[in-house]
Amino acid sequence: MQLGMIGLGRMGANIVRRIVRDGHTAVGHERHQGHITELTNELGDSFRGSTDLREFVGMLDAPRVVWVMIPAGATGAAIDQLAELLEPGDIIIDGGNSRYHEDIERSKALAPKGIHYLDIGTSGGVFGLERGFCLMIGGEAEQVRYLEPLFESIAPGVEAAPRTPGRTGEPTPAERGWLHCGPAGAGHFVKMVHNGIEYGAMAAYAEGLNILDHANVGAVRGDGEHSAEETPLEHPEYYQYDLDIPEITEVWRRGSVVASWLLDLTASALYADPNLDSYSGRVSDSGEGRWTIDAAIDTAVPVPVLAAALFQRFSSRGEALYADKMLSAMRKAFGGHNELPPK
Amino acid sequence: MQLGMIGLGRMGANIVRRIVRDGHTAVGHERHQGHITELTNELGDSFRGSTDLREFVGMLDAPRVVWVMIPAGATGAAIDQLAELLEPGDIIIDGGNSRYHEDIERSKALAPKGIHYLDIGTSGGVFGLERGFCLMIGGEAEQVRYLEPLFESIAPGVEAAPRTPGRTGEPTPAERGWLHCGPAGAGHFVKMVHNGIEYGAMAAYAEGLNILDHANVGAVRGDGEHSAEETPLEHPEYYQYDLDIPEITEVWRRGSVVASWLLDLTASALYADPNLDSYSGRVSDSGEGRWTIDAAIDTAVPVPVLAAALFQRFSSRGEALYADKMLSAMRKAFGGHNELPPK
Amino acid sequence: MQLGMIGLGRMGANIVRRIVRDGHTAVGHERHQGHITELTNELGDSFRGSTDLREFVGMLDAPRVVWVMIPAGATGAAIDQLAELLEPGDIIIDGGNSRYHEDIERSKALAPKGIHYLDIGTSGGVFGLERGFCLMIGGEAEQVRYLEPLFESIAPGVEAAPRTPGRTGEPTPAERGWLHCGPAGAGHFVKMVHNGIEYGAMAAYAEGLNILDHANVGAVRGDGEHSAEETPLEHPEYYQYDLDIPEITEVWRRGSVVASWLLDLTASALYADPNLDSYSGRVSDSGEGRWTIDAAIDTAVPVPVLAAALFQRFSSRGEALYADKMLSAMRKAFGGHNELPPK
Amino acid sequence: MQLGMIGLGRMGANIVRRIVRDGHTAVGHERHQGHITELTNELGDSFRGSTDLREFVGMLDAPRVVWVMIPAGATGAAIDQLAELLEPGDIIIDGGNSRYHEDIERSKALAPKGIHYLDIGTSGGVFGLERGFCLMIGGEAEQVRYLEPLFESIAPGVEAAPRTPGRTGEPTPAERGWLHCGPAGAGHFVKMVHNGIEYGAMAAYAEGLNILDHANVGAVRGDGEHSAEETPLEHPEYYQYDLDIPEITEVWRRGSVVASWLLDLTASALYADPNLDSYSGRVSDSGEGRWTIDAAIDTAVPVPVLAAALFQRFSSRGEALYADKMLSAMRKAFGGHNELPPK
């Protein structure tokens, strides 16, 4: 099968590599010739590409299948341009991190032109080439069926995890790493919630490890001074541990309830940089975590954990400062309390 | 009636002033002669004091009533020393912010000596002289009854707030501003929860005002760059307001549902320092907020709001840093994301 | 001055009463004749009304001032109908709880017709007649100035609260209980955040009082059975208090840091129904609390307390059930744990 | 090597099976003869046991190694009894879920008798026999070294997970699944935080899946009625998805960022019971989650996610009811709002 790919960054290029590996061919489009040349050199006859969108479309066989894999903010314009050049029966895939609302609107806008639209939430990050990509797909069933050979090449396959007890016979697509979740937007909806969960799980590890990092405060701080401004540590004898956090994340990887791929990565990051000296602690967020909370609020679903995880990211970037100053101002006002200087 | 006061800081001195105003007399003890001299000059014959604890005790008439009003961390030792000098029938009051566990133990330890013990959670801060102090009292009913004349002078009195609809006849002690909450520790237990609520309510205002402070980000930031590292503002047109936060807190003081004494103080602080330039945003916490959460956990009470308020104070002091770095490290590991520099 | 009021429910009728009290006149519109007749009987010549919208408009002198005070969901349609009947120079006020996004759009849509639009967040609830209403106003400065006489009658006035220390001279409008917050939408934006704060502050009280309600679990439950499914209470001796929560809320009203109008209402509710037997605990939410979190997320403001307060309302209505079942299913899966029956 | 095991429940028996499999021998003690007989039949000469503690101790060779694997609430008494029968040089292991404070005290109390004490946090649940147990060990280095052969048999071994990139040469003990974390209590401290993280991660999945479960509310509820008591769904068209949650959890197991053992179990539970009909949603908690928050509060570590996860468990058991009623009472008081009936 042939796939057109717009955007040959890490994710796009690795999807191309996985399908070519399985005997499919690919055509790429990118503003920068560099990425195209690189992939041409690497993949030989199985790959062609052009920096010109019209030329790119011309290289594709009908029905054209074009996967758009670029930053969410630029996707809309790119699809609009692309749609101008496509024909009835062609298929556009948005594999980026668009908000699912846009999928609903785009698929409606494209329908009168006979252009099909799939939204595919794609998880796997920088490891996707090797591990395969987890695909969460929204759109019409017919197009999903048509593209199944590509999905099989891109997704990790059933061997990527032990089969769930009780599941027998032919593995379902989900067991092979891709799933048709529902109509337009369903793929990005599921991917959005996936990322919301990711934020929550990441925060769970980060908070827990932070406690481990503080396990020696009894030795470091003693029981504090006796002031009305600071709570002394009641039991300094309970916080005398110098814990080896890199080794702890390593031991949890084997046999424990919190073993996970995120933990694997955490152990890996801590092995490379045991004190996390290369990070400043300003944590970005990229849309899905926010939209997850929005969706929860719309549907009245309580998500205290997912929301707390998001808010901590905001705080890490200094966005709580005004509120914190306000608290200090109130304390000063009712109790005459002055702020303590940083330690 | 005569009251002995150990600790002549702002709270202790103001309690003395309130009772003397009503015709009672007071004896004070402090390490520093300065505070004693000051009060003697101010209050004349109604006040005497000594820097020597034994001499202080000697100035008191039996049954002695000694109110200890010093930082929580120093209270235990002070009471131990004091108890050595007292006699059966005397009464010790801990008016500070001790953990109520200690009240339970202290009252048990003092009982065999015939010394009575009351724990009195005292709220009112720097405004107590003028507004009166709200007294939450734990201990034996007999001693509470005996000290009623003092409580009446220290507490704000029934006029301090409109009577609750339906309440008629002789106002209860609670309506006059003091309450016998229960046996030993009950006073500090109620005061502890009071402060836990205070933390939550303060955070509610601070978070809301922080949103008001961000109401212009659409004008300031525009819709951001299109990067995978930062979510663009979807609707910059919704965030174009330059709000006058000092005036907003002022208008809420009259007629709104969130009118409160904390809001009065907030409006006052913002009037004096409209941009909060005199604060750095490092918010202290002083025990009760923490113990409130501990008590909630012991008794399986969900307190997501009170806990979030406490944790934000920790974060304001930089205690989330290790966790934040960990999140950045994970993001780097799975997605190749680099931290954005501070704006 | 003359005011037209659409919607004569409690809020609308009380605003009419307050302005008539000050010598203004009012014209009302309502689907039900009952409310109109009632007000006519009560207010005499100062009030007229009609169930017919066109007739209502005909009763108004140009430039017409029409305040719409109906549920948010119905406001849009009502304003559209009304605008058809108005003329250039007339003023529409949305005094309900519309989302401020709609104000921005509406004011734009009405501008070409020469109709002015103000959004007024109105706080005061059922007590507004007596206490006055706190008015947060968005729109053009000229119209706000024009309507000042009405705002002065509706708002509580400067006597409603002690003046903030340092404020002298002629009180600002905010000190009198009304504020021009900014252009279209600013009034409802500020009211939205006001309600978000309200949710947080309410939750702070509710959580704290719930701890007080559990203060006797050591007596009731003892130290529990020793099972792997339930944490025994480590120190039952610390939870032996039978606290009088109605009296505690009463005592906090005088002199304490948490004194507030919400606390006044809480004390009142508890005096009338000490065990809250008339409530089931299903807590509604009405939009502003949700929109506050949405706005915080848009602007990257951390609001852990306000969000936790909202989510607890969702939980109170059973919306966490699926998540809770999922947790039980996981515990069963990894630990063989069975759910304990309800106590 | 020989191991004595007190408590032959699932965890204890499986530890015995794993060491016997590797050529070690075991001696068991249990109140019920049944478990002993069963293991004797299964393991032949490698296992003996007694319901009598003294007889059990007599079957052990000096220096005796006794692993206590019983519910946390009963561990203290069991160790006291056991210590009476042991001799200098013997080793007691607490493999249960004791609070680490107790380890610090116990190890001190046993030291004068020459009895060594290790605390071993043991994770693995019902799958430990097959997957091995993750061991987090506190105590003296010499005893840890001595028992290494047993730990090697009980832990999963290096093959249980791919080696972390960069790690070469002889795998560390942590890579083999066991770790000497530090002095007395360090093992249970690390296990406690492990479980805290587990609570947070579980909640992240549960909340996210709950959103998926609500993805069809636009179809089910429409846009709601227009009442002041309930927020209508602004965009019902965005919530029309009927998602197959069991298949979604399955697809996430392969290639996605949230792949984890907890997710494997979740997929498994959902495959067996797609609608979770066998659960009521009353979620237990068993100590470590609570103690984790206590430790965070002691050391001023912000843990909003871990705490929210714990509090939701309390809520799931009805412990928020009083607070929820209070909120309804306040809403009634200021706004005249009545609670809506359950849907």
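Order of writing sets the labels: A, B, C and D. Residues in every chain begin at 1.
Going forward, a contact is a pair of C-beta atoms (placed from the backbone, for glycine too) under 8 Å apart; a residue touches a chain by one contact, two chains touch by 3 or more.
Protein names from UniProt, one per chain: A, B, C, D = 6-phosphogluconate dehydrogenase (Decarboxylating).
Quantities reported herein were computed from a predicted structural model and do not represent experimental measurements.
More contacting C-beta pairs link the chains of A-D than the other of the two pairs A-D and C-D. Seen from the Cα centre of subunit C, the chain whose own Cα centre is farthest off is D. Between the Cα centres of subunit C and subunit D there is a gap of 44 Å. For the pair subunit B and subunit D, the distance between mean C-alpha positions equals 38 Å.
Averaging C-alpha coordinates per chain places the centre of subunit A 28 Å away from that of subunit D.
Residue numbers of subunit A whose C-beta contacts span two or more other chains: 125, 203, 205, 207, 209-210, 214, 257, 261-262, 268, 285, 290, 298, 300-304, 308, 311-312, 315, 317, 319-320, 323, 334.
If each chain is drawn as a node and touching chains are joined, the picture has every node linked to every other.
Residues 100-101, 104, 123-125, 128, 131-136, 155-158, 160-162, 164-167, 172-179, 181-183, 185-186, 189-190, 193-201, 203-205, 207-212, 214-215, 217, 233-235, 237-244, 247-248, 250-264, 267-268, 271-272, 292, 295-296, 298-306, 308-309, 311-312 of subunit B are the ones touching subunit C in the complex. Per the touch definition, subunit A reaches subunit B in the complex via residues 10, 71-74, 97, 125-127, 202-203, 205-207, 209-210, 213-214, 224-232, 261-262, 265-266, 268-270, 273, 276, 279-287, 290, 304, 308, 312-313, 315-337, 339-342.
The residues of subunit C lying in touch with subunit A in their complex are 257, 285, 290, 293-294, 297-298, 300-304, 307-308, 310-312, 314-315, 317, 319-320, 323, 334.
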